[in-house]
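One structure follows; several queries about it will come next.
Going in written order, the chains are labelled A, B, C and D, and every chain counts its residues from 1.
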Amino acid sequence: MKAAVAGASGYAGGELLRLLLGHPVLEIGALTAGASAGDRLGAHQPHLPALAGEVLLATTPETLAGHDVVFLALPHGTSAEIAARLGDDTVVVDCGADFRLRDPGAWADFYGGAHAGTWPYGLPELPGAREALRGARRVAVPGCYPTAASLALFPAFAAGLAEPDVVVVAASGTSGAGRAPKPHLLGSEVIGSAAAYGAGGVHRHTPEIEQNLAAVAGRPVRVSFTPVLVPMSRGILATCTAPAAPGLTAAHLRETYQAAVEREPFLRLLPEGTWPATAMTLGANTAAIQVALDERAGRVIAVAAIDNLTKGTAGGAVQSANLALGLAEELGLPTTGVAP
Amino acid sequence: MKAAVAGASGYAGGELLRLLLGHPVLEIGALTAGASAGDRLGAHQPHLPALAGEVLLATTPETLAGHDVVFLALPHGTSAEIAARLGDDTVVVDCGADFRLRDPGAWADFYGGAHAGTWPYGLPELPGAREALRGARRVAVPGCYPTAASLALFPAFAAGLAEPDVVVVAASGTSGAGRAPKPHLLGSEVIGSAAAYGAGGVHRHTPEIEQNLAAVAGRPVRVSFTPVLVPMSRGILATCTAPAAPGLTAAHLRETYQAAVEREPFLRLLPEGTWPATAMTLGANTAAIQVALDERAGRVIAVAAIDNLTKGTAGGAVQSANLALGLAEELGLPTTGVAP
Amino acid sequence: MKAAVAGASGYAGGELLRLLLGHPVLEIGALTAGASAGDRLGAHQPHLPALAGEVLLATTPETLAGHDVVFLALPHGTSAEIAARLGDDTVVVDCGADFRLRDPGAWADFYGGAHAGTWPYGLPELPGAREALRGARRVAVPGCYPTAASLALFPAFAAGLAEPDVVVVAASGTSGAGRAPKPHLLGSEVIGSAAAYGAGGVHRHTPEIEQNLAAVAGRPVRVSFTPVLVPMSRGILATCTAPAAPGLTAAHLRETYQAAVEREPFLRLLPEGTWPATAMTLGANTAAIQVALDERAGRVIAVAAIDNLTKGTAGGAVQSANLALGLAEELGLPTTGVAP
Amino acid sequence: MKAAVAGASGYAGGELLRLLLGHPVLEIGALTAGASAGDRLGAHQPHLPALAGEVLLATTPETLAGHDVVFLALPHGTSAEIAARLGDDTVVVDCGADFRLRDPGAWADFYGGAHAGTWPYGLPELPGAREALRGARRVAVPGCYPTAASLALFPAFAAGLAEPDVVVVAASGTSGAGRAPKPHLLGSEVIGSAAAYGAGGVHRHTPEIEQNLAAVAGRPVRVSFTPVLVPMSRGILATCTAPAAPGLTAAHLRETYQAAVEREPFLRLLPEGTWPATAMTLGANTAAIQVALDERAGRVIAVAAIDNLTKGTAGGAVQSANLALGLAEELGLPTTGVAP
């Protein structure tokens, strides 16, 4: 089976290629880019020597045609047109935001403009999601923050153990902001500094987290979300809390999480007392999760660590593509991290 | 006036000396240490060439006697005995936790053992605190996390703008954990990783944050607190949120904060839309604060950035010492940070 | 085939396990440790979930017996006794220094004490080394700095293009210093700082670099070596220079390097004008190399980037073990890095 | 006395302002910028709250007129015209390269185009330089790398202790590359990576180092210079080596360095065996220096650590301005670093 990667010169594209190089079934086909079309890949992804000589094509429906799966790692707003031209014999996996939200009102509030539609949501661990992804022709890859926050909290909300008033504060490495050079992403700015941004209810991942948790809870969930940029290139650590349901015990909470993760190939509930660190998951498609009942504050605290480029973007994309293509879900996806 | 520093070979001690070197009134007297007694300071604090040749004395009541102010940067549990031997003609400023809490029950729950007592609390910006510090003979320097969280939230609670159900998630650099070598603090472990720890309601700074906010709110406040270690040596970024009081408007919230900081020499409310970064405060005794009303989630979001070693420890200590000694509060305390 | 790892709780041990988990022929057998014996591996290597439940055994000849290959990632001075007890039916691959040097005088000068002996040297890229490693029963894995410096310079010295007066300055991440907690390796110390150490001709890797270059040059080579600790966990960037041989041209220099790397699976000569960065090789067993003739200064400049834990230690160990065991040299060794 | 800063929105400009805020004689006058003219300074330098409300003017001779001293922190090639318009009643201190080199041929080779001229060179520690700076109307601030390398080696060359075949490899933080956003300077690229650049004799600071060392040696000196970008925002660690002069002893080398630094307010020769780290000098105008004789390799090894923005740019600029203005050389220049 053949896979194309559109946006191969960026960070998400590079991570897709890293994973595809180790995938036993998917072969790498066309690599496309925008302004970098015509360059050799080695000029942009020097960590991928096996592909260094590949020439980047322009991102067009034509260059992407003829693949079993096309991964789109493109700016928001560009997927719809390309997908429309690719036809249903191609699985299209969109790493952008265009098709994640179900509620056009939320789309309008947070992104503005017309809502492109909704595709099957590529977080197989959420109840019902895996089934919808099997054989799907289109997949919307979740945002990196919603991946971390949803994995941290879905067991609690699926089991009714938490009240729908959620606070998420997530520390993120810089690669989530992409490769376009912006002053606040310079090494000199981010090294030695932790910086909040998009706080106060305006970050676009907010309605996506709400959508995920509401779906599992079966009722509306409101989320206060604050992202924090910290001096590392990869990783998200999402600290999530919600009021505990009346009568919840620590033992029941833990059993619920244990049951939720036990058949999941990429979720790990850490031993009691061990809290997640992003280094546990660097380069892996795993989420390291811990949960506790803070009886004093009456709250469930759940923390998830992921690699934003792997499980949070490219790994999640490959995982969903595997399902869509009828392959084993784990194919080509490392569970071993690179540490220290 | 003469100042002694006990624990001069550690990070808090080094920062005290850095500030005292620029203090126009306080002269540096005895420098003492535990296991490092007998060493020259230069072996431990090579960034302080002016003091490189000073010999570290043993930390005893005798070596510390005869100073106008003694700064204790010692392990918890060691301050009481030394302070008892110093007498009331010496101002004792304790950077440790022993005398911070008022509630012996909270002490027992979080620290264990007998409660040493309560000293005037060294966060002059809290309502009433400055008055209690003027002329005080003993000062308990706040914990670094409580400094950041309390400065972020006190205006809201003092004005009744937030409900007493607080969530604090704070990213911290590694220097807050001190200089004793522990495996999880190795560069190889902390570089490239964000790691939660002490989550679930067990971190010792939790009751201290509650104490501060309850005092300004005039009613009990419960706090869920999660610290996160991030790859930088200095800085705390505390993201704090609580349900908004009914009817609160964004304009009223901002005016309240504006009024709370306007006469404070070390507090800065950032321009609207700019969120704090720890680099804004590196090496300075300032707190950079921003607040917003998240109307969707019905929450106040307040974020404060400080340098954990300056405003969060040594700078706060000098600020309180200035008040205790009858000096101008700002003496020797930089408001200019070192960036990038 | 079965592989044991002695020192499985350290950084080199963890990297060996990461690679062995992806090795198609070698199965992981006994995992042993010193002070951590009895612990589960997950407590020390949380990035390796597949092995989290494995119990660390004590490092003894008995626990290590019965394996096809035993990797020793132990403190210096401990390999000889264990190797002596394992017999020649086991391949012993020592990541320590004990058997690297051929000259007992150099051993005495730089390590002191009795010289344990000399084993086949595990850098297959050096002329003649590969042949000596095929079927070897004992392998001395090179030091991380000598790996980088030797790979940067061996083509020049093998072809007589440089004079034997070498300067090597190598920036290294902190993981090369191991996991034992020492004050100068704390995150607070290494973050934000570049620090020279072991300068002035005293670093133990100096005679090893000289030995390697002298062997390929066929005459003595003297090396001035300065290591520099920089704020990253992995990676070595070795900048190496030597006077150019008379009449050397840039074209001939480049052709020589091109020829030297062209059949090497793990060496890459970067495109002209692109200089190595350690991120190109993170997690991979590759060395990224660049060379130039500085005609103004009359010098060859060669720079190599490696991952000190992969090509510089554990990857090099597996590469040599593959040769010793009669397997394909590349088995289980990634050439794709993890970036950014 | 009044000082203007042109280029106040950049890193060098910000550091100049940080230092000027603590200068007891110089008052801050006009702040000017290019594309950022019209903005408030706080939008660009949020670590300088005292100046947050200042409006950036356009960089023109008119806005800069009427100051006792004008600091130019501008792109190369722009200083000459402005300086020509300011007249000799204003001291002009240029942080750019335009007036550093004396040899028009070296200028043409490394910068290209017409040579603007040569101004007194702002490294007072070099023999003769201080005298030339006293009362000067124009000052060329040295490059950051030449500052570090020249301070490391001038004592050896002034005393004839080293042969004129120098190798310099210098690790630098990212702020030296300035604030213009470029892809290779993104946090995601520089974090976790050490990268050589400008190697092979092409870096523009090469002829400047040669010029400085040749002047003190009294004969031509050739330099091989390789800069290495490492993951920190500030600091340069220059490792410098040259063949030892015949008969040189370690004791004589040390005495020579001791004598060279003993009256210098900003140079520190570290205790024997302690090698420089950039953290020793962060935010300070100091250089931490160590030297050794590597008898085995027959080489002098000298290492200097500086803060590239302080002693390497803005601090050096203020130090020279003090001399030019007839003030005490040390005014407003910290010798205390910020660490950890």
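Quick note on the criterion: a contact is a pair of C-beta atoms (placed from the backbone, for glycine too) under 8 Å apart; a residue touches a chain by one contact, two chains touch by 3 or more.
A quick map from chain label to UniProt name: A, B, C, D = N-acetyl-gamma-glutamyl-phosphate reductase.
Computed from a prediction, not measured in an experiment: that's the story for all the values here.
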item: Interchain contact steps from chain B to chain D (minimum; 1 if touching); value: 1
item: Chain copies touching (chain A, chain B) - same or different residues, decided at half shared; value: same
item: Computed distance of Cα centres, chain D from chain A, in Å; value: 44
item: Chain centre separation in whole Å, for chain D relative to chain C (CA means); value: 37
item: Of all residues in chain D, the ones touching two or more other chains; value: 11, 173, 175, 186, 188-189, 191-192, 231-234, 277, 279, 282, 339-340
item: Overall pattern in which the protein chains touch one another (line/ring/star/complete/other); value: complete
item: Residues of chain C touching chain D in the complex; value: 165, 167, 169, 171, 173, 186, 188-189, 191-197, 199-201, 206, 222-224, 226, 228, 230-237, 239, 241, 243, 275-279, 282, 290, 292-299, 301, 303, 305, 339-340
item: In the complex, chain B residues that touch chain C; value: 11, 173-175, 177, 179, 181-183, 185-192, 231-233
item: Contacting residues of chain A [partner chain C, same complex]; value: 11, 14, 18, 21-22, 42-43, 45-50, 175, 191-192, 233-234, 268, 270-271, 274, 277, 279-284, 286, 288, 335-340
